[in-house]
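Below are two complexes that have chain A in common, paired first with chain B and then with chain C.
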Partner chain A sequence: MINFELDEEQKLIRETVIGFARDEIRPYAREADEKGAVPASLLQRGWELGLVQGIIPEEYGGSGSEHSALTGAVIAEELAYGDLAIAMHLLAPRLLTVPLVEFASSALKRSLLPAFCGDVFEAGTAAVMEPRFDFDSSAPATVLRRDGDEYVVSGAKCYVPLGSQAKHIVVLAGLANGDGTVHPQAVVVARDTPGLRVGGREKSMGLKALETTSLELDACRVPRDHVLAAGDERAMRRLADLWHVGLGAMAVGVARAAYDYAREYAKERRAFGQAIAQKQAIAFMLAEMAMEVDAMRLLVWEAAWKLDRHEDATREAYLSKRYASDMVLRIADNALQVLGGHGYIRDHLVELFLRNARGFATLEGLAIA
Partner chain B sequence: MIDFELSPEIAAMRDQLHMLAEHAMRPIAREYDEREHEKPWDFINMMWQLSKSSGIGPGAAKDGKDKAPERDRNLRTVVAVEELSWGDAGLYLSIPGPGLGGAAVMAVGTPDQKQRFLSRFKDDKPVWSAMAITEPGAGSDSAAIQTTAVRDGDHWVLNGTKIFCTSGLMAGDATKSNGFVVVWATIDRSAGRAGIKSFIVDAGTPGMTVAKCEDKLGIRASDTATLIFEDCRVPLDNILGSPEVPKTSEGFKGVMATFDATRPIVAASAIGVGRAALDFVRDELKKQGVEIRYGVGPRKLTAIERDFMDMETQLQAARLLTWRAAWMMDQGQKNNLEASMAKAKAGLVVTQVTQKAVEMLGPLGYSRELLLEKWMRDAKINDIFEGTQQINMMIIARRILGYSSKELS
Partner chain C sequence: MKILATVKRVPDPETSIKVKPDGSGIVTDNVKWVINPFDEIAIEEALRIKEKVAGSEVVLVSIGGNAAPNDVKEQLRTGLAMGADGAILVVTDAALEPLVVARALAKLVETEKPDLVVMGKQAIDDDSNAAGQMLAELLGWPQATFASKVELSGDQKSATVIREVDGGLETLRFPLPGIVTADLRLNEPRYASLPGIMKARKKELKEIPIGDLEKAGLDVSGRTQLVKMEPPPKRQAGKLVESVDQLVELLHTEAKVI
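Let's look at the complex of A and B:
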């Protein structure tokens, strides 16, 4: 039955994350962007929120809450509202733990998950994107092939968050179908696997506080049970859907940050004897932002809700991420426009929002719901 | 707890209405588009019987005794209206029932007024009601209306001209139905918006004339009337709400609150038309062997796929905004902002979606052999009536900025 309200637990989590994003993340957003790093103390306080440990089953040391894509989307939006790069850093471990919780054998869970239930931040990541303009996560060019009791992975990856820090990486690769096509398969690769080489830190127009690296895999051998949900195409679609919802939710957060910033500025800034928000040209831009932020969020939540019901949500997840990617760029651009020349100056955060917003249409697999 | 699934009751009603839309509306959609000003009486009579017997659809009696549970009335209505408008928006608007006039009586009428005016929707013959707000010199600026109501003994005397009154003919002409028109008029022009009141005028009241019905771009099965009031006398207790002129414009806000209920309904109608176009395009593409590939790398999508995905996502965004606005009203929450968001988004989206659909299908789209071009014409009204897109953007802006209408106009 239709209901547009979060449940009590989700509201509580949201309140906590809102406070953290406001008090802890946002004040560091500019500095982190300029310095290209997230302060260690901030990471530690973020870790203590339990957003990573929460969904790890108790038997592996976590708090044992059931994994919910919707709750994940709420968390992702609120953290990204504070700052996208910091949010991605804080949640990067989930890129590994969520696929493990959902798809790994209990042996693999037992060997990897306890590391994420300790007192200090533990990096984890996923290597999804590839350095090619027509990258397609439904048919990755990184090759996975079976060799006896093991699998072998070869290929090149890029935009791997915390690539030099994470001890384990979920790598997206293509397994041949035998007819020239491939299907996507997620495989857990340890960083110290022979043949794996972490490249230098990438330089991007946005996300500057987040370390991302390239990755080369040259015939990396992995044990059989490191291939997650082998042969289960539905599971792999679900993983892609969770990535889409994660990024879509973060796009909502960035869009809302830009909208709020522009709205408050427009109420303060005066021209021709009144606040510029009193001019229709400005007011209508702000109204559109408000409307679209809500539209984006509803689409993302619908996809997340479907995932939580374990229904096929590929269409909803894909379309909502697509919509959110387009809209966040439009909103951030309009927000900058509301500030005019001031928006172009790094004294204000809108130029940072715009640089971060630009990435969504390109990026895949940098967040997970 | 977040849930996007309709209740089984609403889903069943939707499926029932879908059958009706497909089998009773689609086959006559073109005919009553071409034969403007003629009424689809068979359809009208059927809908009248149906609304009385089953309680489904927006024509369901709103006298508080109908079978539909109250708690999800607004959601039920938007779902029903989308389905009927998928069948045909013009025919949907021609369906007899309480409509906008009835909604106003339901919202602010006294028990006596509800009894006098709403019980007739149980009659054997179809009954319409209408809302007369717009004037030749006052559209979106409804506070500027010139029609006057002057008290004279036991009566209010109305003078003025109303235009663009949906179903004004069917509601106002006693030879068409035993209906009524809710008319906005000022009882004190110097009081501005505070002086504006609404009056219930029975069909056939002397002094009220249906002067003409407009020739329109679309929704041609529905009449859009000009009503002229010349010393039209209505009983004193036909005023909706208090006859006092308040010191503030609170009273006017009360009148405007009707829009919070009706805007999601218009949005839903828009979405129905948009979905009709989208469904048609999807079927045509399928026939041509074009598959929409969800999940494929974005740089691999064809232009057709991108267009189609844009259309369906926009439409779904509008639908979710609309459901939310209706759901909030059902929960007793204020939804002024959300109702305007739904209306602004839906009106814009379906205008774009239907125009794109015509373009995508090329000669098929432009041809009157098919219904696409009609849907494009029908869709546009949703961007205009019950508050234009721009008026709704203005309302959104005022709400998010905390501005009064004086601070932002």
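Let's look at the complex of A and C:
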């Protein structure tokens, strides 16, 4: 049976996050972008929503709700609707905790998860992208090799959210298959591991409020159980799917934010005696945006739904992320066009939505469902 | 101590309201419903007292439907997710006037025996600002309305309430049990957290058919009747005047304000 309705808890979570995004995040979107930082008080209030602790099992100090990709997608969309950079900052700890909850040994969970159940924001992150022209997340150039009872990681990473703050990082590396090819393997690396160097803060076109850094790993030695779901290719595909769904959901949020902004503007702005929303050239654009936002979300939700049923969702996750990254750019661009000259100046948020939207086509692993 | 906090479901203040063409009410299709913002403040205050006074319990009460389109359960669940311990819903689909609401609450107070009832000072839909005062009268309890600060004495036998009145602050003290109605600046309500939402699932939401209260003596007959609702007049475009004389003339003849 097909069902497009969220359950009662998901609806309540959505309502809460909608209110938080509207009242707490959006008012700071511009300031955070210009200052290049998320206000500490906002991080604290966001932490109190329990979006990170919620899915950590009770035995490790959390409140033990089952991790759901669909709930994660709903949260990601609504927070990103408020502001993408702030949403990514608030949810960055999940880049570490979700893979831990899903794939780590109980010993590793016990040693790392309780830190995320406290009263103050605790950073966590993942290092997925690599600074090379031929980066391929299904065959990372960062090398992972076994050495006795330990593993050794070497390589370079970029676009690591909160790279200088997170005490532990999920690093995507390639483990040799023996025939010259590699398969992707996630491994947890502590920041204070000898050989690990966090680079300076990257300067990007968008996401200015979010700290991202590069990362160098020079023969970093990690214990064997820090390799997540070793040898389980399906688990690693699932992890990639969760990243894609997370980013796809955030793209839906940014697209919807741009669409809503343009629509409200078009209803207010008058030209030649009527609101510009009444002009067909504008009305058609707005209608297309509305359609595409819904279409993006349906693709993302289908992938999330399959993940929650523990079915193979790689195809759906890829399609949804790709479609969402194309559409969010088009929608943000059209939204800017609806505002005309006003859209290009910083008095309105649409230029910020557009700068942020451009990232989706190139970024990987900055969000997780 | 036991605190009762009232919850009314109202249209989201962020949504635009349309009046039905026949003036019998508002169009409720596609309206988003929320907890009355003043009631949210009341719940928050109840929770803060609970956090200070060990062994306290916060019970939410609402009057309304238990099925679409009048379902109030979602708002009660939100309150439970904020941290309340339980909820009671008096089930009726009828729109009740403040006096009937106060009578029904009085019946619940008889059985629940709270030490304090915290309510929003008014609901933002009909702005009656009456149920709290009427409940105090029906129970013969002291009341402090428009509270901007609430403090309980160490022995929890009395409450000190600061009220924002015209041009200053008024401080009242009264013995418990009593009624407090919350003003805007009393506190900033918390968000329901994800763990709170999950816990709310297991909390009790008791439904009482209004008929049960009638059998216990509740009089549901009202005295007032909604005659007509109409939207405010559309704002007219401004007019530019040439001189002060013309302005005075128009204020006199057209706007009729001088």
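Some observations on this one:
Going forward, the second predicted complex is superposed on the first by the 369 of 369 C-alpha atoms of A that agree within 3 Å, B and C clash if a C-alpha of one lies under 4 Å from a C-alpha of the other, contacts with A are read in each partner's own complex, and residues count from 1 in each chain.
One rule holds in what follows: a residue touches a chain if its C-beta (ideal position, glycine included) is under 8 Å from a C-beta of that chain, and two chains touch if they have at least 3 such contacts.
From a predicted model like this one, the values you see are computed outputs, not experimental measurements.
When the shared chain is aligned, chain C comes close enough to touch A:Glu48, but chain B does not. Looking at the shared chain after the overlay, A:Phe284 reaches chain B, while chain C stays out of its contact range. Of the two partner chains, chain C is the only one that A:Ile13 touches; chain B does not reach it. Of the two partners chain B and chain C, more residues of chain A are touched by B.
Once the two complexes are overlaid on the shared chain, A:Ser63 sits against chain C while remaining clear of chain B. On the chain A side of its complex with chain B, the touching residues are 1-7, 10, 70, 133-139, 237, 240, 263, 266-267, 277-278, 280, 283-284, 286-288, 290-291, 294-296, 298-299, 301-302, 305-306, 314-315, 318-320, 322-323, 361.
Of all the residues in chain A, the ones that touch chain C in their complex are 8-9, 11-13, 15-16, 19-20, 22, 45, 48-51, 53-54, 62-65. Residues of chain B touching chain A in their complex: 1-7, 72, 75, 294-300, 309, 312-314, 316-318, 320-321, 323-324, 327-328, 338, 341, 344-345, 390, 393-394, 396-397, 400-401, 403, 407-408. Chain C contributes residues 14, 74, 77-78, 81, 190-201 to its touches with chain A in the complex.
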